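A quick write-up on the structure given underneath.
Chain naming follows the written order as A, B, C, D, E and F, and within any one chain the residues start at number 1.
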Amino acid sequence: MTMSLGPYASFIVTSYAAAALVVVILIGWIVLDYRSQTERLRELDRSGVTRRSRRSATDTP
Amino acid sequence: MSGLDQGKMQLSGRGVVCVRGGREVFSGLDFDAVAGEAVAVVGRNGSGKTSLLRLIAGLLIPAGGTIALAGGDAELTLPEQCHYLGHRDALKPALSVAENLSFWADFLGGQRSDAAKSLAIVGLDHATHLPAAFLSAGQRRRLSLARLLTVRRPVWLLDEPTTALDVAGQGMFEGLMREHLARGGLIIAATHAPLGIDSRELRIGGAA
Amino acid sequence: MSGLDQGKMQLSGRGVVCVRGGREVFSGLDFDAVAGEAVAVVGRNGSGKTSLLRLIAGLLIPAGGTIALAGGDAELTLPEQCHYLGHRDALKPALSVAENLSFWADFLGGQRSDAAKSLAIVGLDHATHLPAAFLSAGQRRRLSLARLLTVRRPVWLLDEPTTALDVAGQGMFEGLMREHLARGGLIIAATHAPLGIDSRELRIGGAA
Amino acid sequence: MTALSALIRRDIRIALRVGGGALIGVLFFLTVVVLMPFAVGPDLALLSRLGPAILWLGALLASLLTLDRLFMADHEDGSLDLITMSRTPLELACAAKALAHWLAAGLPLIVATPVLGLLLNLDMVATGAVALTLLAGTPALTFTGMIGAALAVTLHRGGLLMAVLVLPLSIPVLIFGVAASQAAIVGPLTFGAPFSILCALSLVSLVIGPFAAAASLRHGLD
Amino acid sequence: MTALSALIRRDIRIALRVGGGALIGVLFFLTVVVLMPFAVGPDLALLSRLGPAILWLGALLASLLTLDRLFMADHEDGSLDLITMSRTPLELACAAKALAHWLAAGLPLIVATPVLGLLLNLDMVATGAVALTLLAGTPALTFTGMIGAALAVTLHRGGLLMAVLVLPLSIPVLIFGVAASQAAIVGPLTFGAPFSILCALSLVSLVIGPFAAAASLRHGLD
Amino acid sequence: MLTCDYQNTMTLIDLANPTRFLALTARVLPWLVAATVILLTIGLYQSALAPDDYQQGATVKIMFIHVPNAWLSMFVWGVMSIASLGTLVWRHPLADVAAKAAAPIGAAFTFLALLTGSLWGRPMWGTYWEWDARLTSVLILFLMYLGLMALWRAVEDPSRAARAAAVLTLVGAINLPIIKFSVDWWNTLHQPASVMRMGGSTLDKSFLIPLLLMAIAFTLLFVTLHLAAMRNEILRRRVRSLQMMQASQKAA
């Protein structure tokens, strides 16, 4: 599909591209952060640190 | 290199005068310490024990007298051959235990041994990747001790070194001091409590 | 006015829970203290003695339970009827002894007695015009005590009150506490050392 | 009333004694204002055109950067505990402290304005206008800044962080302060409109500042 | 060399971690620069004329006001004792610390300059010129500022006092920094002359700063 | 030893409640992601189909990005303000997690509003930036978002930072009505409200529908990102608590 965006096409494209980029950065940051936190939790688990409220965490239906 | 093997190493002060804040803390102090020997500096609160250690470490400038190390590494000054363990731990809370130790090892330079091994010796191997901010007072002290083990220096200046250490920690630390002396090192320690190893007493400012 | 004469004044806590830095320090604490009585709060380091005093003073907010004063001045809240003597002296080094005391007398308001007389009682009358910066630790403590005498409050919350006081000072302070109790006051004191007057013991966090 | 006036008198006295911070604020103001001509260049016409803006910026920075110890000092020596426990509402005590700070550190800035006006080639009218707007506007700076000072206690951290948090809040004051001065000097707007907004901002901050600061101090208790 | 690079890496790491101050300097820069148009008024022609001066002033304040804890933090936790005793000359250690500070807090300012240039209506050339002069000039700010940071340890007091002491020293940097940027933008002077003076100032401060700071730290031993 | 007693008394208050929240998030998140993707696709498609404006030409397409982001920049601060009330009034442990997680997302939306606005301003007003009341107040909003993020980073104890941030968020909420009504109070360059205003929208349907679709899609995007960021924050605090526990456990 082609659209005619007029004389200011670059402005429109830049706007959409910037929005996409920022959203992708946000998503990337959140996903990477999630990975690193779960990784650290797993590491702590492996080194034998336990939490009292832990059983209730997994038992929640 | 590090002078640990030169049996005749001797630290001596002659007529040392210490002035702080315009007030004379002590004067005419003479002392000697030879390799393999521990000297326990004792005296009342405010008698100048910490000040003496800082004078030796070059962190204070004597108002009179001289302090010199004979038989050490001729190319290094006295402070460069000393480890100073003061009340403040020189730890950065934002860095991990391992980062803190390896920074000092890199920065202080000279003859080194394995940082991970030192951490194991002082009983901090489980906390290697923890930020130093999370350490308790006793654990911080242990981390400081690991610095003395990782970087070799012939002269140890210790200011109330056993503060915050529990009984097991004190035992560990006594072992470390014995080992250091056996390798020809030299210890000057300011203490209120007994040092736990054979030592000569240096009293500042009259009987307590 | 100040409730000192209402014999039935009673401070009580029910099921008090204290949380600091996300960690529970103690929970389910019950206590009572009636007019004319001194309660000595004891316990290990870190068991929460200071925290309890600050909870009563309204400087911490309990995570659970209630603390209330019955029979005091109905128009005033509990903290407004308390004197809190903590580790920090609330003194300004730039102001003189007299200026420091008279500021607190003016600011705290309520029933007052002569500031100069209080200074004489705590043995600071010779230092009236000295800047507080020149005071030794013990003298700073005495100046804080003068605040308790100058402004009347029925409840005294004392955190290790005898720190830095010499023997004569401790004797003086015991006299002051007795007098306060005799007038129908109430004392809650956190101490490691014995309080020196008849008191009931409130232990936090198991045996030491 | 005695309680509040005692607090004000104490704070002013401390600020003016050795070790107090009143002088340093004025010095910083002087330095920043003297710095500007070096940055802008020695164009006198331009300088006098920018004069009000420069003076306002200097005053803004000087009053915000001196504020960070407003509550911190009292917190560190335990005075804040007693102030919190006292029969004086914390909001009023906060307001009194801010007032004392303004008297000890804000007023001297205004007194210094005419001298700096000379340096910036401002005429009498312009200098007067700037001084008047500063008189009406600096209370707003102090009273919004005190929110940051109270946050510094909660955060155990002052300095630049505080300035960064508070600066956006003080932008409206700056806008109308300069606008009023410019109006008085060159027109075409009337002086009255921006000046009354400035006064309104000061009044609003006189209310919001103490409440927000007291709330922050209460929640920072620990 | 390992010693110095270890020191630099440590300081940068601390600045970038939670609790570090690198971000705050940039934010302060942003805020101060955004503040200026409010003071000067929304006259775009004037703003772009003043642009370089505004950016330079912002960078000056941001880099000086973040400097006061450069040595203070190390003094308070005892690190400075060990640094003084070490085999690395204190002058070099000071230089390394200042370099780390510049990398963590100075460079980000330069990176932020283009964005701020847009707000001030500067064109590409002008923005480039300012960024280039900042790149050449901010080391001078950091390395003269470190003298003040060392004095702060001796005086047991940082903050504004330090800024007041150091600001006069940094006036030459400001003058030639702005002059070089203006020359690049409007002429009539050549860019080269003031720019080379700026570089010379940076080089001189690179030498004088560490020596003066080390001397001040040595005499402040206590 | 002293430290070993902590194990018995430590209840990790931070984690008591959020556990349920984590379970909930795990179930809801996939649905939210799907909904966001679908709506965003439809919205973008509708925006592409929208006709050119008779005045603004094709640049009106920027509106479909600009306006939702502008709305969200204010909406997110509103969410943070409510969360701040939760922190200060009810001391709810999830409230500060919500506030902290929202700040970077809000800052991103505000940045996009500023950027797309500038890009729109160039063809419409002939300049990227103008110091007008609407634009400036949004810029201040952006600075305040950054300030809050700096605050969260600069302070190590999260509960302390939470309380300070809450006070600041509430004070900063004053800015929201200023942004909203600045175009009415001061006669400025920027468009007055045409969608959300008293007396109904004045916008043509062919623009209104894609705009509303995009607005809903971006709101869903925010909700999704926010939930995920909150989950991360809870995990981060869990890591922190466990690390502190590790420090005191092993010493015993």
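The rule we apply is simple: a residue touches a chain if its C-beta (ideal position, glycine included) is under 8 Å from a C-beta of that chain, and two chains touch if they have at least 3 such contacts.
Note that the structure is predicted; figures quoted are calculated from it, not measured.
**Q** What are the chains that chain A and chain D both touch?
**A** Both-contact set = F.
**Q** Following contacts chain by chain, what is the lowest number of steps it takes to reach chain E starting at chain A?
**A** Between chain A and chain E, the shortest chain-hopping route counts 2.
**Q** Hey, what chains does chain C share as contacts with chain D?
**A** F
**Q** Tally the contacting C-beta pairs at the E-F interface and at the B-F interface, and name the larger one.
**A** Spelling it out, more C-beta pairs touch across E-F than across the other pair.
**Q** If you take the mean of the Cα atoms for each chain, which one ends up farthest from chain A?
**A** Here the answer is chain C, farthest from chain A.
**Q** Return the distance between the CA-based centres of chain D and chain E, expressed in whole Å.
**A** 26
**Q** Express in whole angstrom the distance between the two chain centres, defined as the mean CA positions of chain B and chain C.
**A** Result: the chain centres lie 41 Å from each other.
**Q** So how far apart, in whole Å, are chain D and chain F when each is placed at the average of its C-alpha atoms?
**A** Those two chain centres are 32 Å apart.
**Q** Round to the nearest whole Å and give the separation of the Cα centres of chain A and chain F.
**A** The separation of the two C-alpha centroids amounts to 15 Å.
**Q** Multi-chain contacts only, two chains or more: what residues does chain F have there?
**A** Residue numbers touching two or more other chains: 10-12, 136, 143, 147, 150, 154-156, 241, 243, 246.
**Q** Note the residues in chain B that touch 2 or more other chains, in rising order.
**A** In chain B, residues 93, 126 touch at least two other chains, as defined above.
**Q** Give me the residue numbers in chain D that touch at least two other chains, ranges are fine.
**A** Counting only residues that touch two or more other chains, chain D contributes 161, 164, 167-168, 171, 222.
**Q** Go through the chains and record each pair that touches.
**A** Going through each pair of chains, those in contact are A-F, B-E, B-F, C-D, C-F, D-E, D-F, E-F.
**Q** So in the complex, which bits of chain F are touching chain C?
**A** 2, 5-6, 9-14, 157, 159, 241
**Q** What residues of chain C sit close enough to touch chain D in their complex?
**A** Spelled out, the residues of chain C in touch with chain D are 20-21, 57-61, 76, 79-80, 82, 84, 86-95, 99, 103-104, 106-110.
**Q** Show which residues of chain F lie in contact with chain E when the two form their complex.
**A** 118, 127-132, 136, 139, 143, 146-147, 150, 153-156
**Q** Spell out the residues on chain B that touch chain F in their complex, using ranges where they run on.
**A** 93, 126-127, 130-131, 133-136, 138-139, 166
**Q** Mind listing the chain D positions that touch chain F in their complex?
**A** Per the stated touch rule, the residues are 147, 150-151, 154-157, 161, 164-165, 167-169, 171, 208, 212, 215-216, 219-220, 222.
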